[in-house]
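The two complexes that follow have chain A in common; it is paired with chain B in the first and with chain C in the second.
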Partner chain A sequence: MAEQFYTVASDSENTGDDKVQSAFPDLAIGIDIGTSKCSVAIWNGTQVELLRNPRNQKLMRSYVMFKDDSPSGGVSEELAHGEQEIFSGSAVFNMKRLVGRVDTDPVVHASKTLPFLVQTLDIGVRPFIAALVNNVWRSTTPEEVLAIFLVELKAMAEVQLKRRIRTAILTIPVSFSRFQKTRIERACAMAGLHVLRLMPEPTSVALLYAQQQQLSLHENMGSGIEKVALIFNMGAGYCDVAITATAGGVSQIKALLGCTMGGEDILQNVLCHLLPNFDTFCADHSMDKIKSMGLLRIATQDAIHKLSSQPSVIINVDLGDGNKVCKTLNRSEFEEVNSKLFEKCEKLIMQCLVDAKFTAEDINDVILVGGCSNILKIRSLVLGLCKRENLYEGIDLLEAAVCGAALEGAVASGISDPSGSLDLLTIQATPLSLGIRADGDGFAAIINRNTAIPARKDMLFTTAHDNQMEALIVVYEGEGKKVEENHLLGYFKITGIPPAPKGTAEISVCMDIDASDVLRVLAGVVLPGTQNAVSPFIEVRMPTLGDGHGWCAQALAKMYGSSLDLATIPKKLQQ
Partner chain B sequence: MITLSSLACSEFLGARIPTPFGSPICALRSSPRCAALHAPATAAAMATLYDVLGIAAGATGGEVKAAYRRLARECHPDVVAADRKGASADEFMRIHAAYATLSNPEKRADYDRRLAAAAATAIGRQQWSPRGPRPFPSSSSSPSVATSFSGFRRRTWETDQCW
Partner chain C sequence: MSSWRKLWVSGLSLLCRRYHLPPDLHLGLRSARVLMCSLPRPFTSCSGHHRPFPESRVFGRFCFSSESSNGRCWNCGAAAALAEPFLSCRACGSVQPVDQSVDYFQIFGLEKGYDIQDDNLEGKYKDWQKKLHPDLVHLKSEKEKTFAANQSARVNDAYRTISKSLSRAVYLMRLEGVHVDEEKTVMDLDLLSEMMEIREAVEEASDSHALRQLQSQIKRKFEAWSNSFLEAFKRKDFDDAINSIQRMRYYDRAIEEIIKKL
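On to the complex of A and B.
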């Protein structure tokens, strides 16, 4: 796709917000692209400041409207698009839920009820998405939509900061695979932004928390007195949990865990409850159905918001063709409809505590962020599990992630602050385990999840067949015991294995994650019993996959069967 | 058949590929603070985890954590100059491995036992001086030293504990 198509000239009107000087010419901005809303922030020399769009909003709706030839997003428009217009099929939103997913993914299938077109052929390739333009479904891709949106954000920031913006820190959900991260980087590159780092959202909040702790407890510096915080972040698309141990401005991520579950799922659960044939209601994507579904979405969304402050709410929508939804939804009914989702939240928190080797008693502060934090049930379940009465105050639940990203932007750009408020460091941890296929379809983890970054680990493998001279290194990411449950990242072939009975050759596979979270896999044959390489190793930066990655594993299996398989070596023989 | 055991390979990788993992991203913070960590690595292989963290063998858990944080702020790749990132990642991983062992009471007790046993053997052979200066082994920046590691087998406990 032609890049110049998205280039927006930075000649938009000056908003008059001249406070931010371009004292730091290369300072990276922080961007939080939410499923529902997004924001931009920057370190202004003394503190983090959120930028506002021409409508004076700090939080902007994440959507792109494809009405005529030039698509426009929710940032720059002088006049806001109405809710009904956004749900008319002409706007594409929820990009964050779709980006980097294949058309067999259940999240993509759940997105078929959205007003724009999401089509799947269920063969493991990128789904087809399209927006309605002049009564024609015009195709686009999640990356393209994100890029258009990022161009607008960038232009807005450039106007206000009166300088070019080249680098950015973006926040991402914990559960994003490395493949999804490359899609975000691709979208940023299309928009002319270099990604300095992709920060899991709760770790960005952890950095903000570390700064607040450091400012309030300066005397604790170096004394080793640490504060442990549990961060629960649930937005429209994703749910993340992280546990951070903080002292002296150093935020050490002890554990993090996430899943694709958020306000969008809550909304869909309620829609299914209100309209049992909801899944098939607008399968034909006729204009009338899209319109009435839009009305129902707006009314239901509004009702869910109201249930945070009132015990019941009336939903009354005429869907046309004699279909009508008229119902009183009370809070207990709402909680019942979403009970599975709330259970899953509890499991995430408990697992995260186990992973961090902490109990509820070890937690000093409970931080709740994300739009779903307003839901009373979410508040009570998080507080209950952490055995707490009150939540941590002093963090804005919708702005925390972007503020943390802006802080990281300042720290990573090398800015120092005389007051010491940028003397910060986050020791990140890997959100997902990394390993290779071994012992048939088994997943042998080499770097476990929640390993501190940078990390380097290696493991010895051996051949699965007699006189096997080549072996495939197939790299996966995830927690499943079987490779098919995990994300495929890439593969390469090791050659020149000296002929030997199976189980005797030694193949060393080393995985390295540098501080910028770049993963490299290094593999080669070593002389048994030594660490000397037989021939030069192969080093591959992962992920290597393009779009049709769902097919690659099957294609490899079809072509080579088990002939190039590897087996793990029992621990006692590892040396 | 699944095993999670791993070998400490940073040494031999360092020997073969002097700078295997350079970081393309630049951070502009310059930090001369780690200079002390680059002393000649002659006794490097013999550094105890306590030496790595610069603490006494009897240090409390709080002191272990404080030392780890202090060193992380000096040696983490995010805070050092761009041209030192590769070496700093190695240093940080070593510091983290030491911290991971010493901050866990069980692993620390086990490590102390091994250390005592190793010290007894080594002193018998006059190969190891527990009081000598022990700077960091810096494998990727000094390949010649790294090769001397290849026969040193009992290093796995350091990297085994990395998570």
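On to the complex of A and C.
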């Protein structure tokens, strides 16, 4: 198996002498594997330290170059690949946007304008991704690309720390489905890394904030009053909002919300504005077109960056074949082009406040992180909604997430610090509701979103037909009222329901999320009247689905129709 | 009442599964059920799995009946401090197995009652999590990790239940052995027509100012019924108390609707 190769590579001998005594032999590192940039950090005994690559960079571009026989992420190479080379079709990047998605997903479709090959058949399977190697499109997968990159990050950390790295905390977007999380874990396993925890990015920032509050408290000898912070994080691929209430080093996540929207979308909006036929311009993936598109991407990216500090910018790119883009883009035009995206940001923040049951007046600090936080419009809209003049200072917008992950790594590895700066805890909340299919295509949430974890809740269901002997427990994740709007996680069958008129049998479904965010579903028949569980309950760890999961729900419907349906028991709905 | 009994049974069946015991274990059930009417119980240690659970939503993953704490830490044997619930050991810091006889009010050192006077509930909640959260016992034994997972989940539920007046009222009734069927339709025509009016008013409200006004109006009504629950509960008039809870539920929903629109 191709995957095996990476596991072996990770055990390479560059770890040096394994007998070197390390102060923290099993300390987990923090990794922020961003859509555009990656970083690694670790607790060095007194504070969090970001590791640098041989080019002295703390933030490394996330891509894998497939040009030569052995693919390389360029983490530890002396010379970096140029942007033009990265946009030549030989490099694969933006994998965080593609991982764990099927080819019917609009995010996958939007990625078809990238210089490497993204092919979709629109049938609900993993998209075909390929990089140009010696003038041939060679296929790969998002997991494989992530694994190659993780192997390099791991090797870099091992060389610097002079010990083997086995465990890591990774930050992920809030909106990642449980299936996407398993794909990240898969990539880590391929790279020989055990994932101790996958932390939603804003909650990782919240932990760093909690530590800073705790430290300033020690200095000022103040009382342990609670502080509420709103964290807005927008990177290249994703946008997240979280509200945390912090006191005594404990950060409690009150609400969190996210969506797939980031710098990449802003870039594509501007590209569309500059080149109206942008969507189809590169459809044939000819070398010339890829090259011109690469040039345009570089120029546009640069222009967007400049608009944060200057009111207008000139974009001038020769696309060949007589096509030319020469345009002055001013800030208001840029904001107009992205107005829908900014509106969506506002909605996300307002919804998060409602979910946390807070108003703008309750917020003590507003924290802005992620690359897009440099965009002036984003700053002003977040501050405006929170009715604030200034942002919280003392958090680096690009390094905050990885620092929080390194802190969590130290806390979860059981490291304690005499000065009390690791006296920390994050109480995480579920970002998406979890439930099962009931009442036809309805989604019955058992654990609502923003429930503190660990959590365990159960709910009673009943049969939909007379003398129904079996029932399907189909588990979904999401906020839609109908199951098809949500992510399918898995299913199993409850058998041995004693024959009875519909609506009388009782089936207990219990969902359990432990502190490591592992979801288990337990279900079984409970007989009303006799009080006995009919047969042993079934416990299933979710998600159970592999690739092509888009098909499973349809296959189930085709096979069983509504014959194994469940219904909610209205009067016994939980509080 | 009946629903949590069932849940308790489902908890018990889990327990059988954990121990790989045949379902015959349920034999002990009928006698145990009698116990349920004698809630609440004094604050003593868990005497095994025959003790009914005062709350339905969280049931023990498993309970080491042989490890009943007897007021002593399972790890170092230190005696529990009598002043506070024994969730973790003061001497060695070990997380203790869940003791279902400690109710949610006891966890937070509160008098069992509706009108709790505490502005530091969140602080106490966080203090518990700092002692119990599974993240912090990462290097300890599997057994203690399980205790931590159960305790932490229970404290989460306790905080959620106690911090909101409506769920606190329902929980109090449950401790009294009364199951509140919150979803039951109230057959009070006045209330139903009032609800219709509120719904219309929310739909027609033109701006956030009007909505806020409506919100504060309904909040006052919620408060009024909350007070009437308090009185009814004090004189143990449970029918009246249930009636108040159902009305609180209606107004609570209406407030949620308004917040959604705001």
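Worth a mention:
By our rule, the second predicted complex is superposed on the first by the 542 of 575 C-alpha atoms of A that agree within 3 Å, B and C clash if a C-alpha of one lies under 4 Å from a C-alpha of the other, contacts with A are read in each partner's own complex, and residues count from 1 in each chain.
The rule is simple: contacts are C-beta pairs under 8 Å (C-beta built on N, C-alpha and C of every residue); 3 or more make two chains touch, one makes a residue touch a chain.
Quick caveat: nothing in here was measured; it's all calculated off a predicted structure.
After superposition on chain A, the partners chain B and chain C are seen to clash.
Looking at the shared chain after the overlay, A:528 reaches chain C, while chain B stays out of its contact range.
In the superposition on chain A, A:458 makes contact with both chain B and chain C.
After overlaying the two complexes on the shared chain, residue contacts for A:354 are found with chain C alone; chain B is out of touch. When both complexes are overlaid on chain A, the residue A:412 reaches chain B and chain C alike.
Applying the stated contact rule after C-alpha superposition, one finds that A:439 touches chain B and leaves chain C untouched. In the superposed model, A:518 makes contact with chain B only, not with chain C. Of the two partner chains placed by the overlay, neither chain B nor chain C lies in contact with A:110.
Of the two partner chains, chain B is the only one touched by A:450; chain C is not. The residues of chain A shared by its contacts with chain B and with chain C are 224, 226, 247-250, 252, 411-414, 423, 425-427, 451-452, 454-458, 460, 508, 510, 512, 514-516, 522, 531-533, 537, 539, 570-571, 574-575. Only residues 1-7, 9-13, 16-17, 20-21, 23-25, 27-29, 62-66, 69-70, 72-73, 76-79, 85, 89, 92-93, 96, 100, 150, 153, 156, 159, 162-163 of chain B touch chain A when the two sit together in their complex. Those residues of chain A that touch chain C in the complex are listed here as 224, 226, 245, 247-250, 252, 354, 411-414, 423, 425-427, 451-458, 460, 506, 508, 510, 512, 514-516, 522, 524, 526, 528, 531-533, 535-537, 539, 570-575. Residue ranges of chain C in contact with chain A, taken from their complex: 3, 5-7, 9-10, 12-14, 16-17, 23, 26, 29, 33, 56-59, 61, 122-123, 126-127, 129-130, 133-136, 138-139, 148-149, 152-153, 156-157, 159-160, 166-167, 170, 181-184, 259-260, 262. Within the complex, the chain A residues that touch chain B are 196-197, 222-226, 247-250, 252, 411-414, 416, 423, 425-427, 438-439, 442, 444-446, 448, 450-452, 454-460, 508, 510, 512, 514-516, 518, 520, 522, 530-533, 537, 539, 567-571, 574-575.
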